[in-house]
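Single-structure report; data block below.
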Amino acid sequence: MSTTGPATPADVLAAFATLDTDRADRRGYPEAVYCAGKTPAQVGLIAADARQRQHVTLFTRASAEHAAAVLAALPDALHDESAGLLAWPPEPPTPAGGLVVVVAAGTSDLPVAREALLTARYLGREAELVVDVGIAGLHRILGRLDLLRRARVVVVAAGMDGALPGVVAGLVSAPVVALPTSVGYGAAFEGVAALLTMLNSCAPGVGVVNIDNGYGAGHLAAQIAAPPA
Amino acid sequence: MSTTGPATPADVLAAFATLDTDRADRRGYPEAVYCAGKTPAQVGLIAADARQRQHVTLFTRASAEHAAAVLAALPDALHDESAGLLAWPPEPPTPAGGLVVVVAAGTSDLPVAREALLTARYLGREAELVVDVGIAGLHRILGRLDLLRRARVVVVAAGMDGALPGVVAGLVSAPVVALPTSVGYGAAFEGVAALLTMLNSCAPGVGVVNIDNGYGAGHLAAQIAAPPA
Amino acid sequence: MSTTGPATPADVLAAFATLDTDRADRRGYPEAVYCAGKTPAQVGLIAADARQRQHVTLFTRASAEHAAAVLAALPDALHDESAGLLAWPPEPPTPAGGLVVVVAAGTSDLPVAREALLTARYLGREAELVVDVGIAGLHRILGRLDLLRRARVVVVAAGMDGALPGVVAGLVSAPVVALPTSVGYGAAFEGVAALLTMLNSCAPGVGVVNIDNGYGAGHLAAQIAAPPA
Amino acid sequence: MSTTGPATPADVLAAFATLDTDRADRRGYPEAVYCAGKTPAQVGLIAADARQRQHVTLFTRASAEHAAAVLAALPDALHDESAGLLAWPPEPPTPAGGLVVVVAAGTSDLPVAREALLTARYLGREAELVVDVGIAGLHRILGRLDLLRRARVVVVAAGMDGALPGVVAGLVSAPVVALPTSVGYGAAFEGVAALLTMLNSCAPGVGVVNIDNGYGAGHLAAQIAAPPA
Amino acid sequence: MSTTGPATPADVLAAFATLDTDRADRRGYPEAVYCAGKTPAQVGLIAADARQRQHVTLFTRASAEHAAAVLAALPDALHDESAGLLAWPPEPPTPAGGLVVVVAAGTSDLPVAREALLTARYLGREAELVVDVGIAGLHRILGRLDLLRRARVVVVAAGMDGALPGVVAGLVSAPVVALPTSVGYGAAFEGVAALLTMLNSCAPGVGVVNIDNGYGAGHLAAQIAAPPA
Amino acid sequence: MSTTGPATPADVLAAFATLDTDRADRRGYPEAVYCAGKTPAQVGLIAADARQRQHVTLFTRASAEHAAAVLAALPDALHDESAGLLAWPPEPPTPAGGLVVVVAAGTSDLPVAREALLTARYLGREAELVVDVGIAGLHRILGRLDLLRRARVVVVAAGMDGALPGVVAGLVSAPVVALPTSVGYGAAFEGVAALLTMLNSCAPGVGVVNIDNGYGAGHLAAQIAAPPA
Amino acid sequence: MSTTGPATPADVLAAFATLDTDRADRRGYPEAVYCAGKTPAQVGLIAADARQRQHVTLFTRASAEHAAAVLAALPDALHDESAGLLAWPPEPPTPAGGLVVVVAAGTSDLPVAREALLTARYLGREAELVVDVGIAGLHRILGRLDLLRRARVVVVAAGMDGALPGVVAGLVSAPVVALPTSVGYGAAFEGVAALLTMLNSCAPGVGVVNIDNGYGAGHLAAQIAAPPA
Amino acid sequence: MSTTGPATPADVLAAFATLDTDRADRRGYPEAVYCAGKTPAQVGLIAADARQRQHVTLFTRASAEHAAAVLAALPDALHDESAGLLAWPPEPPTPAGGLVVVVAAGTSDLPVAREALLTARYLGREAELVVDVGIAGLHRILGRLDLLRRARVVVVAAGMDGALPGVVAGLVSAPVVALPTSVGYGAAFEGVAALLTMLNSCAPGVGVVNIDNGYGAGHLAAQIAAPPA
C-alpha cells in the first residue's frame, strides 16, 4: 500500500496522452462483441452500428438468436455455427506474421478450437487446425510434428485430455497457449480439472487461458505471432 | 433406503462365519501399522507385540521417532528412511505372481514410489522401479517400454506430471495404478491437481488411489498381480 | 525438469516401433466411441465406418438421438438404454480370464453399474451383477459373500453409499474398483463426496475411477481379470 | 425479508425475561472456555475467576502453556493431555440420564474422542469408550453390538473411516452423533472427506458436528441423553 | 490399519445374530423409499409390494410422476406435494415420546421443513411447525420461546438464515438438528454456506444433516425424542 | 469487449489531471505499509523515509522483527502488539465525523478487531470497542444496544460467530462492515465459513471485507463515517 | 464460549424494549419481499396485504409469474423487468442524503446494477447509473471521474471485470460497495472469481455483498448515504 | 476414445527421430533443476555433473541448504537469494530477440518476479524490471507506459493486485504473461484469488502460469520474445 517515487504529473499526462494514439495503431484488429450476456436486440444494434461505421467486428458466443440479429443487419457476415462466431466483413485480412497451429484433442473440443482458429485468422494470422490427437495414442500427435514445429505458436484445446498441452510443449520450441474446455466426466468439473492439469504442466512454455475461452486463446496467439512492429 | 429381499439369518451367519477363515487364508500378507497418528510409545508397544506374536508387520508413515521406537523392539527390522517404512522380519517373502513395475515421474516422487515398491515386495511380488521419466521428454518413458510391457500391473507416482499415468496406460495393456503425490507449485494444491488429472485420464485402464498413499498403491498392485488362488 | 541419462536414439526408436505391434496384440478389445460431446451425425458416420471396417465397437454415453444414428447404420447393434451403451456386433466375445462382479449399492446406481458390466463383457470377461446391498443393512452385502469371493475383481458403484467399496475391500482378497456415481442429496456434490469417501477408504485394495465412468471401471476390471498373456 | 405478524412487545419481553431464569435452570452444566484463540495469561485470569466464583469450568483445546496457566490457578484441576482438556473441580457430577457410548474408529481418533467422552461425563452422563473398530474389519464393530445397543446415543469419531457412523446407525436404533477428525492422507483434506461422507450417510439417524469438535459432540450427546426435565 | 484384540468368532456370531431381532424391534418405523433416482415404474412396483405386504411406507423426493405411480397402487396414500412426500397408510401412528418442533426460517424453507415434520409424525412423534422467524428480526424467534422450550428436540431448516440454529441452541436446552436448505443468492452455493454456518455454530448442542435432507432431519429428531425403550 | 462512446481525449486528460489534486485533498489520511511480505530491512527503510518526509504512516501486519525495525527509525511510534500495528506519529488526529463502533464476537477475534479500531482512529474517527458478545447468549449483544445505535457505522469482527454481523444489522439502522476472522474449528476453513455466513446475511446493510483484514475494515468504516466534504 | 460480565436483566430488557421503537423510526424504508423462493400465489397474497395496510413494498427477484401476481393486486406498481423488481407505490420518495452512483462494468452487469439503483432510489436517495466502463479501456472510467467524485458512495457491479471496484476505490475518497455478478467464462465460477477479486482488492475502502445481490448493495449504499439522523 | 486415421509407422518414426535433433537445436537454453523436492545431496550431485559436462544449468526454488550444495560444486555460480535461483556459468548469454519487461505489482511480489526476470535473461533475452505499480494508484503504471510499450512481451507478477495483468493488457499490444503470487490476506487463498482474477481478465491477450511459477513465466516470455528461427 506504500506509494513510493511518484512520477511527476507531467510524465503521467504525457504517457496517458499516448493512449489514444495507440488505439489508432491497433486499428487493424477487429472489435469483439461478447454476445452471451446481451439480448439479441442489443447485439443487433451493435451490428447496425458496425455497418454504419464500417467497423471490422467479431461477434463471439452467439446463440442462434444472436446470429439472426447480426445477420439481419449484416447479411453477408460469416457465421460459424459450431464456434458460435460471426465476423464482418466476411473476408479475413491477408495473413501476416507467423503461423498459428490450433490443436483440438478430441472431436468434443472442436467448437472451442474453431473459435480460436477463426479469431487468429480475423486478427491477421495464417492458422491451421489439427484434430483428434489425444495422448492415449501418442503416435497421433507425433505424426503431426512437422506441422507443429513450423508454428510460431501452438494453441491446444483439450477437456478430457488436459495433459496434451504439456506433451506438445515438450515437443516444440514455440510457446503453447493452453485452452481448457468444459468437456468430460464428473470430476472434470466443467473444465477445472483440465485447467489445473495445464497450470501444473511440467514442461515450461505453457500459458493458460480461461475455460472455453477460444476467443482469448486465438487473440493471444495472434499477438504472439504478430509480425515485427 | 428401501430394504428388499432379506437373506435368511442362516445364510448371513454362514457367510459371516467364513470371514475368519478368510483372514487365515490371507495370513501371508503382513499387518500394516499407520504410524502418523500414533505416538512413538504406542508404536513401540505394537512392535513389541509383533515380536511376541512373531507377526510379519509393516510400519508406514514412520517419523524418525517412530522408527527409533520400532527399532528398539525389533532391532533387525528393515528401515527405509526416504519411504518412512519399516518391515519386520527384514526379508520379504519369496516373490510369486506377476511383475509389479513402479514408475516415479521425477526425483521428488521417489519417497512415495518407494513406499509402493516396498509394500508390493513385502506382500510377495517381484517389483522394479523406474525413475525420472516425465512427459516433458517423451523419449524417456518410451525408452522403458520393454520393462513396462513385461509388467502385470504398473504403478505410476507423479505430482507435477499428473498426465503420466494416462500416457503409460496408452502404451501398455496392463492395468495402471495412479498414485498422485503432493509435489508441485501453487495450483498443484498439495496433489489435488494431479489427482484430478489422473481421474480424468483419457486412456482407460487407470485406477487412482489417495494422494501420497504409496502403501495403498503397492497393496492394490500386489493384489492385481497375485498368483492364481 | 532435469533431463538425465538420455537413452540413445536407437533405443527409443526400437521401443517406439513396437507401439504398433502392440496395438495389433490388443485387437480383441472393441474400440469405444464417447458420444456425449459429438453430434448424432458424427456418431452415425463413425458407426458406418465401423460397419465398413467390420470393427468391433462400443458407443458410450449415447443419448436417444445418438442411439438412433448408430442403429441406422448398425441395425443389429445391442442397445442398453439405461446404460446409454450400444455394442456392435451385438454378441460379446466368449469369456476368458477371471470373473468380474459388479455391485450397485442402490437402484439409482444401476445405470452406471450396467455400463461397467457390459463393458467388461464386451472386453471378454464373465461378469455378474449384484444390486441393492447398501451398508445401512449390512446383512445384505454379507449375504452375497460367496459370489464376491469368487471374483477376480469387484467393481462397486455407489453414490449415497460411498463407503461400500471399503467395506467390500475388507471382505474379499480381490482388488476393488470403486466407481462413484453422481447420485445423492446436496452435499453429495454430484458424486464428489462419494469420490472422496472412496479415495479415503481405510481398507487397502481400492482403486478409484472418475464419477459415473462406468466404461472406465469396466475396462479396468477387464484388464485386471485378463487371462495370462 | 418480509416481516409479518409482529408479536406484541409485551409478549416478547415476557419471553425474553425467561432467558435468565433458564440460564439458572441449566446451572449444572459447566462453563466451557475455548483456549485455542486466547493467550495463556487470559486463560489464567479466567481460571482464577472460576475459583473465586466457585464456577464449574471446562477448558478445551488447551496447549501445554494454557494448561500450566490453568493449573497455577486451579492446582487440583483434572488435566487430560491427549484431549487437551482441563476440568475443575476434578470430579465429574454423579451421572444421570442415558448412557453415552463414544466410538473411536482408530487410535489416531482417540484425542478427539476423549474430548467428547470427558465432556459428556462433566455434563453429567455415564459415558464409555470403544476403540479401534474400523470398517475394514467389520467383526470388530459387530463384536461390540451389545454395548452399542445399550446406549441412548452413540458418538462416532473417525477420520480415515468416515463411513463408520453410517454403519453404526444401521446397527442401532439410537441417534448417532458423527464427529469427523482431521486424520488421514492427502485427499482427506483435513477432515473434509470424513465430514462429507458422514453428511451423505445412507442410514438415517446421523447428526454431524464440526471437524475435531469433540466438545460439541460430547455436549450434544449429553443433551440427547439428558434425563427427563 | 492395525488389527488388535480380535473378538472370538463366537462373540461375533452372537452379536450378529441379534441383528435380525433388532429389526423386528424397530418394526413400528415405516420403510422409506427415496424416489429421486428411481423411475416411476420402479416406484410403482414398490408401492404395490407395500400394499401386498401391508407395509407402512414413506415415499420421499417424489415428483408428480412418482406420486401418480404411487397413488395408482395406493390410492388412499397421503400426498404432501410441497414436501414431495407420500405416506401409506395415510394415518400417522398415535404419537409417543417427546415433542418435536420444526422451525422454518423463511417461506422458502417450508418444503424441506415439511418433509422433516411429516417424517417425525409418521415415525410416531408429536410435531409442530414454526415459520418465518429469521434472525433479521430477533423478536420473531423470541416470541416463540414458550413453544421452543417445550420441545424435546428442535429441527431448524434454513438457507439464507444459516445462523438460526445457533441462535435457537443458545435459547433452549434441548438438542437442535440443523437442516440446511439450498435457498439463497450466489455465494449461498446451493446450501453449502448454510451448512458451513451451522457446522461452525458457536453454541454447542447442534447436529447437522445434509442439505435439503428433511427426511434425515425428521428421522433423527424422532430418534432423539423417542420414548424410553 | 465492445468499446463504445469514447470520451474525447481532452475530457480524459482533464479528469486524470485531477488525480493528483485529489491525493492532496486526502492528505490527512496516513499512508499504510503492509509489512507481511517485506523484509524487516525494507520496512526499516520505509520508516526512515517517513521520518524524513514527516509523513504520517501506519505499519500493518508487523511481526516483532518488523516492529523492531520500525522502532529503530521511529522510536516514539505507537506499537500495538496484539494488532501487529505501529503508527507514527503516535498521537491520532483529533476525531471528526461520526462514531465507529467495533465489535469483537469473542476474545479470539480481538487482535483483528483492534487493527480495525486503531485504523479508524488514525484516520480521524472516534472509535469504541465492544467485546465478547457472541450470539450463543443474545442478552450480551442486546445489552449493548445503546452504544450500537449511536454509531454511524458498526464493524463486526467474528470467526466462530459469523452470524453476528447479520444480527447486528437487524438491530441498528447504520451500515455494518463485516470482518471475518480466521478463528475456529476444522470446517471454519480459516475464516471462509464466517465469510460465507456474512455474505449470505439475511439482514440487508452488510458489506464484507477480506478475512482478517482489520485495516481494510477500519479504513472503510472511517470513510463511511467521514464528516461532510 | 466463556460468558463474562453479564448485563443485569434490567439493562437487557430496557435495551430490548427499544427494539420496537426503532422499527418505527425506520418506517420510511420499504419492506422487501424476496420472491425467488415463493410461489406466485404466496407473493400475490403479500401484495394484497400491502395494499390493505398501505405498506410501501419492494418485490425483488420477481419472475414474470411473480410480477403478474403482484400487478393483479397492485396494478399501478412500477415493474422493472430487467431488474426483476416491482415497487409500490410507484413513486419513489423525495431524495434526501448523499448521491449514490451505481456503476455497471459491462452491459451484462446491467440487470443487477439496476436492482441496486432502484433499491437506493426507493430507500430515498438520489442515484445515477454509469455503464460500460470496464478496465480493458481505462479512459472510459477515467472519463467519468467528475460524477464518481460527487458521490457519497459508489456501487460497482461487475462479473468479468472484478477488478473495477478496486480501481474505482483508488480514484475516489468515498466508500465503494462491490457487487459481483454471475457473468463470465468457465473459471468465473458463477461470480466467485469476481467475488474473490473484490475481497482481495488492494485499494482500501471496499465492502463486498453477495453475488448478484443488487438489493443488498442498493440498501447498504442507501444507509451509507443516509442524511444525518 | 475413437482412434481414427493412424499415421503410418514410417511417418511416426520419422517424426520421432527428429526429436533428438530438436533438442540439439535448443542447446542454447540452460537445463533447469527444480530443487524443492530434492535433498541438498541430490542437488549437489547434479551440480557436480553439470560442471563435468560443462552444461549451462539453472537451479530453481533453492533453499539455503540447496544453494550451499550447489556452490560447493560450482563456487562461481550466480546466486540470487531472494529469487531462490542459482545459475552457472554466472554470465547470462548475450541477449537476442525482443525485450521482456517484468512487472512486480508490489514489493511482496519481487522474489517471484526476479525468478522470472533472471530466467528470461539466462535464456538469452534482454529483460527489465518494474516495481510497485499497483492499480490502487493508476498513475504509477501509466507512468511506465513508454517502457511497457517497447516490450515484445510483458510478465506481470501480482498477488494482492491480481487485476494488474488485465490493466496492462489493455494498455499495450504485446502479449501479457500473468504470474499470480501467493501473497495476500485470507481469501487470497495462497494465490488462487489472483489466479482466478487473471484467468477472468476482461482484456484479451493474457496467458496465465501457475502460482509463484516465476521460472515458467520467464521461460514462456523468453520463447515469445525469441528471435526469428
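We just call them A, B, C, D, E, F, G and H in the order they show up, numbering each chain from 1.
By our rule, a residue touches a chain if its C-beta (ideal position, glycine included) is under 8 Å from a C-beta of that chain, and two chains touch if they have at least 3 such contacts.
Computed from a prediction, not measured in an experiment: that's the story for all the values here.
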item: Contact-richer chain pair [D-E vs D-F]; value: D-E
item: Option in A-G, F-G or A-H whose residue-number contact pairs overlap B-D by over half; value: A-G
item: Separation of mean Cα positions, chain H and chain B [Å, integer]; value: 36
item: Computed distance of Cα centres, chain H from chain D, in Å; value: 50
item: Chain A and chain D: spacing of chain centres that average the CA atoms, whole Å; value: 55
item: Inter-centroid spacing, chain F versus chain E (mean Cα positions, whole Å); value: 43
item: Shared-contact residues (touching 2 or more other chains) in chain B; value: 1-3, 6, 9, 12, 16, 19-20, 32, 34, 106-107, 136-139, 160, 171, 185, 187-188, 192, 195, 199-200, 202, 204, 210, 216
item: Interface residues, chain G side, partner chain H - complex; value: 105-106, 134-138, 142, 160-163, 166-167, 169-171, 184-185, 187-189, 192-194, 196-197, 199-200, 202-203
item: Contact set on chain C toward chain E in their complex; value: 106-109, 138-139, 159, 183, 185-188, 202, 204
item: Sites on chain G touched by chain E in the complex; value: 1, 19-20, 34, 36-38, 42, 180, 182, 190-192, 195, 210-213, 216
item: Chain G - residues contacting chain F, complex; value: 1-7, 9, 11-12, 15-16, 18-19, 22, 25-26, 32, 107, 132, 136-137, 139-140, 142-146, 149, 153, 171-175, 177, 195, 199-200, 204-210, 215-216, 219-220, 223-224, 226
